[in-house]
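Scrolling down, you'll hit the structures one after another.
Heads up, the next two complexes both have chain A, just with different partners, chain B and then chain C.
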Partner chain A sequence: MADINTINKDFADLFNQGNELLLEGSSDVMNKTRKNAFQDFAKLGVPTRANENYKYTNLIPAFDHPYNVNLRYQQVDVDLNEIFQCDVPELDTNMVLLTNGWYYGNNKELTELPKGVIVCGVQEAAEKYPEIFNAHYGKYAKTDDDGLVALNTALAKDGFFIYVPKGVVIEKPIQVVNLLRSDRDLMATQRNLIVVEENAQAKIIVCDHTLTHHKYLTNSVTEVNVARNAIFDLYTLQNQHLNSVILNSTYIRQESNSNVLSNTISLYGGTIRNNHHVILDEEHCENNTFGMYLMDRDQHVDNFTSIDHAKPNCLSNEHFKGVMDDQASGAFAGRIFVRRDAQQTQAYQSNNNLLLSNDAVINTKPQLVIDADDVKCSHGATVGQMDEDALFYLRARGIDEKEARQMLMFAFAHEIIDKIRVEPLKERIDELVDKRLRGEISKCNTCAIACNH
Partner chain B sequence: MLSIKNLHVSIEGKDILKGINLDVKPGEVHAIMGPNGAGKSTLASVLAGRDLFNVTEGEVSFQGKDLLDMEPEDRAKEGIFLGFQYPIEIPGVSTVNFMKTAVNEHRKYKGLDPLSASDFLKLMREKKSLVEIDSKLTNRSVNEGFSGGEKKKNEIFQMAMLEPKLAVLDETDSGLDIDALRVVANGVNKLKTRDNATIVITHYQRLLDYIVPDVVHVLYDGRIVKTAGKELALELEEKGYDWIKEENGK
Partner chain C sequence: MAKEEQDKILNEVTESEYKYGFVTDIENDDIGKGLNEDIIRMISAKKKEPKFMLDFRLKAYRHWKTMKMPEWAYLDIPEIDYQDIIYYSTPKQKAKLESMDDVDPEIRATFDKLGIPLDEQKILANVAVDVVMDSSSVKTTFKEALAEKGIIFCSFSEAVQDHPDLIQEYMGTVVPIQDNFFAALNSAVFSDGSFVYIPKGVRCPMELSTYFRINAENTGQFERTLIVCEEESYVSYLEGCTAPMRDENQLHAAIVEIIVKDNAEVKYSTVQNWYPGDKNGKGGIYNFVTKRGICEGVNSKLMWAQVETGSAVTWKYPSTILKGDGSSSEFYSVAVTNNHQQADTGTKMIHIGNNTKSTIISKGISAGKSNNSYRGLVKVSKNCEGARNFSQCDSLLLGDKCGAHTFPYLEIGNQSAKVEHEATTSKIGEDQIFYCNQRGINTEDAIGLIVNGYAKEVINKMPMEFAVEAQKLLQISLEGSVG
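Entry: the complex of A and B
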């Protein structure tokens, strides 16, 4: 097995040898950021467990594999629009596809978007809308802190870009389907940027999805800026396969009176690491960070979150719940920072876990760093088994044990699903989670929320 | 219909039931009284199939079948209903979904098709009015945030929905106000037929004014130490349990 130095050296070689391809087609700003990022990566490397923030997730086996890397957009030999048909009419979305981290070249035009809304690839955005792009790109996901972000920024070529202009309300959610489809094992680097301007409103659903059974590693970074009075929802559905690695870092910055809700639902994947960073950078923001993970077999999930109350009078609610079965393992870290002048902060956090087997493990760690004195904060973590009294109560009414367990697990998970602010999506996720808990989604060649092929 | 022979039950090595004998016939109402900790709830739980308890000796048959051999859900479908002394709150499980699943499991067991949504709602409505339970309660998660009395009413509502052959009501009267007590007792009486039987576990004679028992048993220290007609309840109400304890050497 390779050690971390070999892995880091391989990336250095890739960066140097592939430099021409890396620079090709990317804007100057992207390439300048890339150069700095690579220097940071050279210092940081892929995080190992010696890094306190990655204590519970060993990335060496994830990276120690001869992946293919596409530094150029690869033409797709089929029409992905044909393959992907939405079969849930109630869930009406503006859908775009990405393939292996790249904005798909034959995406259908989104005709129903309000005027001024932009949905396109990052490369295209950097070129066509430099004013918007340059104002935000690389501003929130700092490369000197996390080796994965540095690596992503060093290798970033494409991803999705969404821009919602001032005052524009997008009724229909935008659905981004990240497809992994390759005939070889593949590492994808995806870099996304979402800019929601003042008084705008948008809901984005991101689905991660594998189309073939190859081993995949995705290292994605999403930067989001939500301006004053804007309302923004980000739903992430991770539904890949046991041989995939999802490394997903999201950086959200909020301006005054903005309201953000994110809900990250991990249904299937071999190794999943979500880094979720929020900074409440002006007053009177509301942030809701929710997540749910349903893991079994040898799956691993690690949700690492930080909510930074940089300014006074903001409210944050964070709630993650997980159901762990078999030998599944997981971790949750919830950091809340309340900076010195962030008075009148309200920050709430909880993490609840249901362990269904003796071999499943979860490490949960709240961490509150509070430098202001007038704050309301609470945190709590629970790890428990199924409530035997409740189980007996259901069975005593004639409900068989399997169904009774199912009802209790579902009830446990539903609390997080209930936070979804798109009604048809909520119903769809309910169904999906019910199936997942019944063990009926084992392969995940079905799109998490809308698609059949 | 129910026959308990020399039932011994222990938990964590501690003997709790020490040789219970009890026969219940269709149409009968039995009351079981006895001091705190005597083993009344243990008996009820063992009948319903709670596996926390170990049956170390004895037999229980229900309608000719070996009850102890059955899973709790099968006992329920065979017609046993336990009204819990402490009904469990189950956040996130809606009462409607819970009852629909239970009713349909019972129907499946009998070889019947599941009820249609509208038939189910009709049944709910009918039974709700029987026990005068508010829709506000049945629209919530099972027992979540219910008051003590509301939980007890909800037990009777579930009983009405499932129409058991043998209902074991464990202190369904405690925590009920006078009106609720009357409603609950009325519910039980309305559900009574010649073919079903009821065991009421209670501390209070007042319930037995409404649900008139054929037999009253006193359970003390894991044994049934006295069995008589309904006048026994009155006597207990008057004299307490000391004389029972004395008679049994404590």
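Entry: the complex of A and C
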């Protein structure tokens, strides 16, 4: 088993030897950020469990594997638009595909988008729209804090870029599908940027899919800036096979009166780590951060969240729920910061877990760091099994035990699903969760999970 | 109520001075500053300790040298020069004392000022007191009365001389020397402390109490308490601490070990009122304490109750290992910080035995420019069936320059566990004060009333005379402050 130094050294070699390829095709701003980020990575390295923020997730086994890395866009030998079709009925979206972290070259043109909306690859955006891109790129995801972000920024070549201009309301959600399809084990680095301007509204759905059985590691970073009075929804649906590692860091900055809802649903995946950072940088923002995880076998999920109330008069709601079965392990860390003078803050946080087996483990640390006095903050966490009284109630009405348990579990999970503001997606996820809780593998068709187990 | 008036009252009350800050003028016998193996040999020799004690100390010291001061706490501690501390200091006195009259009048005056019922009052109060000043135990009262029942209550040094077998059997079993930086340091240099042994089936007829006081300059205090409760026994133990006002910081690193056997019960109450430093954050005690109990036997019980108002920096996590089936533990804490005080305190409940229960009630109150953190761990091990925990950690903020933080850790490895944690942070509502004002209660009293009500849940768990003192302390510390 390789130790952490070997892993860090391998990345240093990759960075130095692949330098030419890394610089090629990227804008000067990206390359400059890249250089600084690598220096930060050299200091930080891949986070280990000695790092308090990664106490419950051991990344060494995830990184200790000879992955291939594509530093250049690989032509896809088939038409992905043909292979992949999202089968959610009545979910009418503007869909774009990404392959192994790169914006797919043959994406269909999005004809229904309002004027001025930009959806393209990051590399393309850096060239074509430098004034927007440079104002936001690398501004929210700080590389001197987290080794994974530093690594991402050092190796970042592409990802998706979405720009919603002032006052534009996009009715149909934009759906981004991250496809992993390779004939070798692969590490993908994906860097996304979303800019929502004043008074604009947008909903984005991000889905992950693995199309082959190879071992994948995805290290992605998404930066989001939501300007004044804008409304923005981000739904992330994680559904990959057991042999994959998802490291997903999201950084959201909110300006005054903006309203953001994010919902991260982890249905399946070998090792999942979500870092979710929100900064409420101006007054009167509202933030809703929700998440749900359903884990069994020896899957691992770790949701790490930080909500930073930098300015007064903001409201944040955070709620994560999880069901753990078999030998699955899960972790939740929530941290609410209320900075000095961020008065009249309201911040609520809650984490509930169901443990279904004695081999499953859940570690949760809901934290509050509060430096202002006129605030209303609360947090709570529970771990338990199903309510025996509720079970009895259902049994007494002639529902058999298995079905009763099913109903209760579904009700437990539904609280989070109910927060989704896109009706067809809500129904679809309800259905996926129901199937998932019945022990069937929930999958979209054309997905590799289908043949794997 | 006008804001200025509230502020005025706030200032008056939050700026009240530390009332235990006198220095007692008695000669001390110390060994000079610094720490090395020779110093440890010297401490051990001065105390005429058997060889196993010296070996224990040296082992701890060698391990300590390999360790680093922990940095994970939400505290800002200036670097401590461990060579600049006197590790052993004892009030000079003649031979052993038989009656209270023999105690040095200066020391007695000190304890009179502290209001410790060391004299005749102690009989009324029915409290047996062991007093630890700087590093040595001054006098243990009521020893004979307790001995009749087979209870051993004496200073740690005496126990080492008189009951070496018990010390050897239990010392370091709950807090091993490798446990943490401060525990290793204490194990190497500890000078005295208290030892309690309650034999099988005995219910200790009175409350046992220890008062700790740091008096001499530049000294650190390192005491060690060991409580062993045999089957079906019961004891309630109280601990109080004060120190004089000095400009430099002083170090206090103690260890408390408690062993509770089948069906036994221990109550451990602390009123910690070390000198917190002045208004500008100068001076004060660094309080780094490792307290841990093990509920070894079935249905054993351990309760921690603490009122923390003192110390410049507090780093303290009284914890319980629930090993025996059906054992239970409760933790009640009120931590008050004011001015520049910092506290990172909480508890650990480690559930190992089946059907074990724990309750955590923590109330933090911060005022001035202080930072007050709760840090706690609830761990349910894989094979522990039917564990139950309830935690509640509330914080009250008085003033807009202070901070209140909560860092709970829940590690659950068994599906039958039921664990709940909840916390709230708020300030005293203007509506609450208005309500009291309307009924003719002035703002200062109203705040006292609200804070007391807030802390009541914890104070109620303390023995009577401690509860009274705790309530007074709360009032001195910050009654009346609102932002």
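Some points to look at:
The rule is short, and it goes like this: the second predicted complex is superposed on the first by the 437 of 453 C-alpha atoms of A that agree within 3 Å, B and C clash if a C-alpha of one lies under 4 Å from a C-alpha of the other, contacts with A are read in each partner's own complex, and residues count from 1 in each chain.
Definition applied: a residue touches a chain if its C-beta (ideal position, glycine included) is under 8 Å from a C-beta of that chain, and two chains touch if they have at least 3 such contacts.
Worth saying up front: this structure is predicted, and the values here are computed from it rather than measured.
Per the definitions stated earlier, placing chain B and chain C onto a shared chain A by superposition produces no clash, and the two fit side by side. When the two structures are aligned on the shared chain, A:389 is found in touch with chain B, with no touch to chain C. Within the superposed three-chain arrangement, the count of touched residues of chain A is higher for C, of the candidates chain B and chain C.
In the superposition on chain A, A:52 makes contact with chain C only, not with chain B. In the superposed model, the angle subtended at the C-alpha centre of chain A by the C-alpha centres of chain B and chain C comes to 70 degrees, rounded to the nearest 10.
Look at A:66: by the touch rule set out above, it reaches neither chain B nor chain C. Put simply, chain B and chain C get as close as 13 Å, counting only Cα atoms, in the superposed view.
Touching of chain A by both chain B and chain C, each in its own complex, is seen for no residue at all. The touching residues of chain B, counted against chain A in their complex, run 48-50, 52, 71-73, 75-77, 81-82, 84, 87-88, 90-93, 97-98, 101-102, 105-106, 109, 141-142, 158, 162. Across the interface of their complex, chain C is touched by residues 52, 340-341, 343, 353, 355-385 of chain A.
Partner chain B is touched in their complex by these residues of chain A: 387-390, 392-401, 403-404, 407-408, 410-412, 414-415.
Chain contact summary for the complex, chain C toward chain A: residues 72, 74, 382-383, 395, 397-427, 483.
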